[in-house]
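Going by the order they are written in, the chains are A, B, C and D; count residues from 1 in each one.
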Amino acid sequence: MSTAATPAPTPAAGVRARRMVDLALRVRELGIIGALALLILVTAVIEPRFVHADSLRNLALNAAIFAILAVGQTLVLITRNVDLSVGSVLGLTAYMSGELLSKHPGTSILVVVALAMLMGAACGLLNGVLVTFGRVPALVVTLGTLYVFRGLAFLWTNGSQINAETLPDGFLNIGTGSFLGIPTMALIALVVVLVVGQVLRDYRPGRELYAIGSNPDAARLAGVRSDRRVCTAFVVSGALAGLGGMLFTARFGTVDATAGTGYELTVVSAAVVGGVAIFGGVGSVYGAALGAVLLGTITSALIVLKVDSFWQQAAVGALLLLAIAFDRLVGLRLDAALRQRSSRRA
Amino acid sequence: GSTKNDSSTSSGSGGASTSASADTGKANPNAPYKKGMKVVQIPKQLGNPYEDIEDNGTKKAVEEVGGTFVRKGPTDAGASTQVPIIQSSTQTKPDAIVIAGNDPDAVAPALKQAAARGIKVVAQDSDVAPDARKVFINQASSEEIGRDEVRLLGQQIGYKGQIAILSATANATNQNTWIKFMKDELTKPKYKDMKLVKVAYGDDDDQKSFQQTQGLIQAYPKLAGIISPTTVGIAAAGRYLSKSPQKGKIKLTGLGTPNQMRKFVKDGTVEAFELWNPADVGYLGGYATAALVSGQITGAEGETFKAGHLGTRKIGANGEVILGPPTRFNKANIDKFDF
Amino acid sequence: MTQPTPAARAADPILELRDAAKSYGAVRALRDGTLALRPGEVRALVGENGAGKSTLVKLLAGVIRLDGGTMLVDGEPVDFHSPTAARDAGIAVIYQEPTLFPDLSVAENVVMGRHPRGALGRIDRGAVRRQVQELLDRLGVKLAAERPVRGLSIADQQIVEIAKALSFDARVLIMDEPTAALSGPEVERLFGVVRALRERGAAVLFISHRLAEVFAICETVTVMRDGQVVHDTRTADISADELVRRMVGRELGALFPKEQAGVGAEVLRVHRLTREGVFTDVSFAVRAGEIVALAGLVGAGRSEVARAIFGIDRPDAGHVEVGGVRLPRGRPSAAMRAGIGFVPEDRRQQGLVMDLSVQRNVTMTRLRELARGGLLRASAERRLAREWAERLQLKYHRLEDPVGFLSGGNQQKVVLAKWLATEPSLLIVDEPTRGIDVGTKAEVHRLLSELAGRGVAILMVSSELPEVLGMADRVLVMHEGRLTGELSRAEADEERVMRAATGQVEAAA
Amino acid sequence: MPDLATSSPRDPAASAAGAADGAPPRGRGGAAALLRWEVLIAGLILVTCVVGQAISSQFLTTDSFTTGSLDLSEIALMALPLALVIVAAEIDLSIASVLGLSSAVMAYLWNQGLPIELIAPICIVVGGLCGAFNGLLVTRLGLPSLAVTIGTLALFRGLAFVVIGDASITDFPTDWTDRAFGNFAGTFVPNTIVLFAVLAVAFAVLLHATPFGRSIFAVGANEEAAWFSGLRVKRIKLTLFILSGAVAGLAGVVISLRNSTAAANVGTGFELTTVAAVVLGGVSIFGGRGTIGGVVLALLLLGGIQKALTLSDSISSYWIQIVTGALLIGSVLGPNLVQRAREARSHASRSRGSWPPRLGPDQARPLEEDA
């Protein structure tokens, strides 16, 4: 993005406005990166082992699944909806992946990935259709499917569990292996973040999601097919939850019907900490993914710092509140600044 | 008609009080098994494979004596989640309830209500408040398990270094009893160089246990060994260690099932661990229940009952029946077991 | 039914509407919508507030669908089921209410749904910025394409709307009051663009309340009244007075039954009230029995002053006194207790709770007084609501019906009722007759006049000059957030008010 | 002719004409729709009774009522203030964590040797403070309550663990635990349900018969208009959050005594069940609509379904979740589909008769208002 290319009538004001806006847009991600760096630094000073390659690997591994789910959640949040069913979808697909591989250990991993994502997408489609065609608020729909999908998972497993022992090593290696020193799972998450990030930034469907969340009525007037787009957001969120479920099985090896219970709130928290507005129109998947990394790192750091694990949850909650309060204050400031400049335009 | 049912319920509870007074009467060791007895089994939570094995043992025993077996359980192991299930089971008037308690006290009032209606209550695996049940089937002497775990780890690490415990939930009765005896064992001079640095809780949640293991190792770099007296915990810890550079260096032992642990024993992550046969725990529980229902025992100390292929067993102090010493599993014998 | 008089019938219409009808619940917003747009024609659509102009526009744009009648494009009947369908037919629309995405940049707002794309369908951000900046420059505005829309002034938002409509080669351009928030030079440039479009053979439908603009740019004009097209002619064939008469449908005088009332003690004193970036240093007083009008162009900050007085917004400096007692800042409940009533400008969003019943809306301001021992008495509630419904001659079916079922004028009466029920000593009315039919309008005016006669002080914000001149004892004029004129009833005339409203200040009286 | 000075002219002809000219009578009206909703729930309860009795002959017994209602005690208690919060177009997801914190505080204070008589009010106050914290963040900072209470859901639960860690306290005096577990004066109604009934009446009166309750509806249906009508929107919302927190604190005391166990982790996940009960009860998640009666009926329905399913020997208890979820969605979807069908039909004939359809289901719109 070059600033020189624009034929700005009033260069000074134009550039200043643009710079401020750019900063405001990027500052969010910068803020999380700053907080993350500070956290790692402080922890490292107290316990240097925290920054050993091995430990950092673990950080990346811990955050990978949450980052992937947060990416999907971001798409949905941007459109002024919410997907609370991701934890249950993850549970369902995690079990499906495990069941498939332990019954047919020869199955190609790509087939497992495809099936898991397909199953997740189907769940997402159900959510999306209920929200758009059924005109049921997303909060209600996904709260309902949170129960339904979880119940189905329980019915399906009927109390059984998949053990790492029954899973092929090639599959488990996704969860533990690495490529060029970077854990495979983290690489997968990175690819997901970058691809979705690009689509959101540089492709029409992505931009239209922002439009829908920013002003649904105007989006309709602009010819955006809102229902279809919102549906797609849910489908992608479901598919990514499916991918997450498959990775969950690969990572932990042991899955039962409770896999991913309670993830929904962590995932929404990660996205919101990452600057995604809960009322739509604002945020990026980069921020959301960073939010997931930050939440994961706090948990690890507290363990390493030998802080009672009891504080973990409180810290996560406090961080979320800080993040939204910060966003609100910055938003108010920015609004005021923008209005000031615009109001006395002679 | 609800009124009809109401009256039948009240007459039912009236009947219960008479049978309750019969309880205090004498046991008749030679009484025949009650025909068509109905037993409800309430596990800590559905979806725990260890409990599945155990409950299948109970089922086998109950069916051997010609009874019917129903299993109902909560979907999570919260303290009070068993209460509604106990209450609904009570309403269906079974002869007995066999329970693995999530919380000894939270379930007690509901169990006492059941007992008041003439339902025999047996706890197995994890005890409930003693006055809320007649018999408790203990896998092994809690003291024996606790001390033996420490002995086992001590041998593996040469009685030297920092150790940690990875437990299940902080309220779990059996866990806490074992840990108490572990700590007591550690005070012996033999273990003066072994130091317990942390008791971590993985909540019998695979992922949480996994992360707790990871955290323990980061927080205590000099850690020499981990005891995890829970099947979920030891499997998660094993999985973490098997892929970490500390594999084989940090010793891991505890209570686990051979099927879950086979891989880690074979790849050298784990030298040895222990467990009783959970199917036998359930089986013993099933026979104790049948004996109780049929009036062969009342739960008093010293009474004996027949327990199928486990032979004749005796009720100890506090109504406890102990299955026996746990089995140690290692590379040499693990392939002989399948559960 | 007026027969459309032929005017420059060289070509067949691109877009035509015949006997279009549209109702919103009980409100018949449009009855006989008949209109044709030919290539190279710039047509004005005029009519009072609520005449149905915007409704007609929304029909042409595919936002709402016809209840009756037909729409033709190039002589073929069409049924636009979405705005996209209208756009695909080459119809570009600037809506009266800005329809922007506050979180997105100006450039994206303009191209949304039609981003120029490069390789692999990727959005060509450079092209987006270039195109939009070019467009903005053509409109002669200093607006950075990369800036987010959030925080733009109403005028700038309108510019973005215009840029949006011009961003594709439309055959028909429909503009619903595009100039309402624009200043002179901006209007001129817009007209330049309109002329260029006309040269290209496009048709333009132009809606405005400013008749001067109508005569300056349009060659044909359609007049609407009460949801009906009542006249269709060439602008050359009609005078401004005649046009107004057709719009209003009766002589103006009867609309403003202002009675002379004795002016009493000072009720309201506003002292150096300032709200950063909105209005500055506003001081004035209103006395019992007096109607004071606050006039000015849209966006001058009149509504903001009214809101600040009532405590909706918190002023940054200055204060408000009622009966000599200072009001706390930003507390409508305190203002209410001091005897102020406030009829806000946006009836649907601010004045009423549409989902609640007529009764609930009327009693909303009197809940405390209606309760006995903390409990509400249904009978008292009913009595109060019925009493005011009768006093204001409200037309309703049942008091339990949601107030949204009523027609606009009756809705406004409910707003008035709920405030009159508090028996205020000062009533602030913001655009009290916006979007209500002529008959009701006169009723509202009579009501205000009577209230003043009973000694209620009235502060009236209005954009309708005739209303201001017809009703006010005194006119205060605002320009860009400052008071620029104060005129007595005798002094006030159209020219003086306009001069003050556009900042050509003459010494305050 | 409006006449303000003297008494109004009672002109029957005019008002009759008004009625005739006014909106034509319609089947759909706020009150009518709600009434129908409650009738529907009552119908579902009947169906549950029939099916339940078919599942187990034990279903229609006082015993079932006693035990079934006891299980839902805390959720029922928390549903009452939550209904008010949701009517005001806000949401409180932190209630279950407040319940946990209250239980933890109770355990802590009991360890300190305080009597229950003192502990209970302290726990309620602690709950109220938690609610005030939520309320202040929502009203003073203008943050969306959904995000705020997801944050405090984690925060309060975390604080609960900080207070007593993983410990649990089980040695409460039996006269208190018996009280919480027992029935009311020889009837089959549990004491906790008597408490609920009392509070339900209180909340019903508060919501439906007081100025405060009226204001809640106005705030929920159109916050801006409520503020323009001189209602103290922020104070109303703050009060609601405090009420919600205080009742959750009370529920924490009740559940601890009822289960004779106080611990930091009690009631995990209750928030979603409570929201489900409230929405099922016909309270619009967008605010502005709902009744306490509907919520009470919904609780009855949920309790009935749970009881029926746990009584069955053959139906897996997993079905409880599936049925709850489906019911929740169905409760909103059903009426929507009916309306859609009606719209489609009426559009074919004539007037649509409704405002522009809601595009994309949006949450309650945050008001851009300072002060």
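Here is the rule we use: a contact is a pair of C-beta atoms (placed from the backbone, for glycine too) under 8 Å apart; a residue touches a chain by one contact, two chains touch by 3 or more.
Please read these numbers as outputs of a predicted model, since none were measured by experiment.
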item	value
Interface with more contacting C-beta pairs, comparing A-D to B-D	A-D
Distance from chain D to chain A - Cα centre to Cα centre, in angstrom	30
Chain centre separation (chain A, chain B; CA means) in Å	39
Separation of mean Cα positions, chain C and chain B [Å, integer]	75
Chain D: positions in contact with at least two other chains	165-166, 318, 321, 356, 370
Chain A residues counted as touching two or more neighbouring chains	154, 217, 219-220
Chain B: positions in contact with at least two other chains	46, 75, 201
Listing of all chain pairs that touch each other, if any do	A-B, A-C, A-D, B-D, C-D
Interfacial residue positions of chain D with respect to chain A in the complex	91, 137, 141-144, 146-148, 150-159, 161-162, 165-166, 264, 269, 272, 275-276, 279, 285-286, 316, 318-322, 324-329, 332-333, 336-337, 340, 356-363, 365-366, 370
Residue numbers on chain D that touch chain B, as the complex places them	56-58, 60-64, 67-68, 70-71, 165-168, 170, 177-178, 181, 255, 258-261, 263, 265-266, 268, 306-307, 310-311, 313, 317-318, 321
Residues of chain A touching chain D in the complex	79-82, 84, 130-132, 134-141, 143-148, 150-152, 154-155, 158, 212, 216-217, 219-220, 226-227, 230, 262, 265, 268-269, 272, 278-280, 308, 310-318, 320-321, 324-325, 328-329, 332
Touch list for chain C against partner chain A, complex	61, 63, 82-84, 87, 93, 95, 99-105, 108, 112-115, 117, 121-123, 125-126, 129-130, 133, 137, 142, 144-148, 150-153, 155-156, 276-278, 480
Residue numbers on chain C that touch chain D, as the complex places them	23-26, 63-65, 67-68, 310-314, 329-330, 332-333, 335-336, 342, 344, 349-357, 360, 363-365, 367-368, 370-371, 374-376, 387, 389-398, 400-402, 404-406, 418, 420, 443, 446-447, 450-451, 453-454
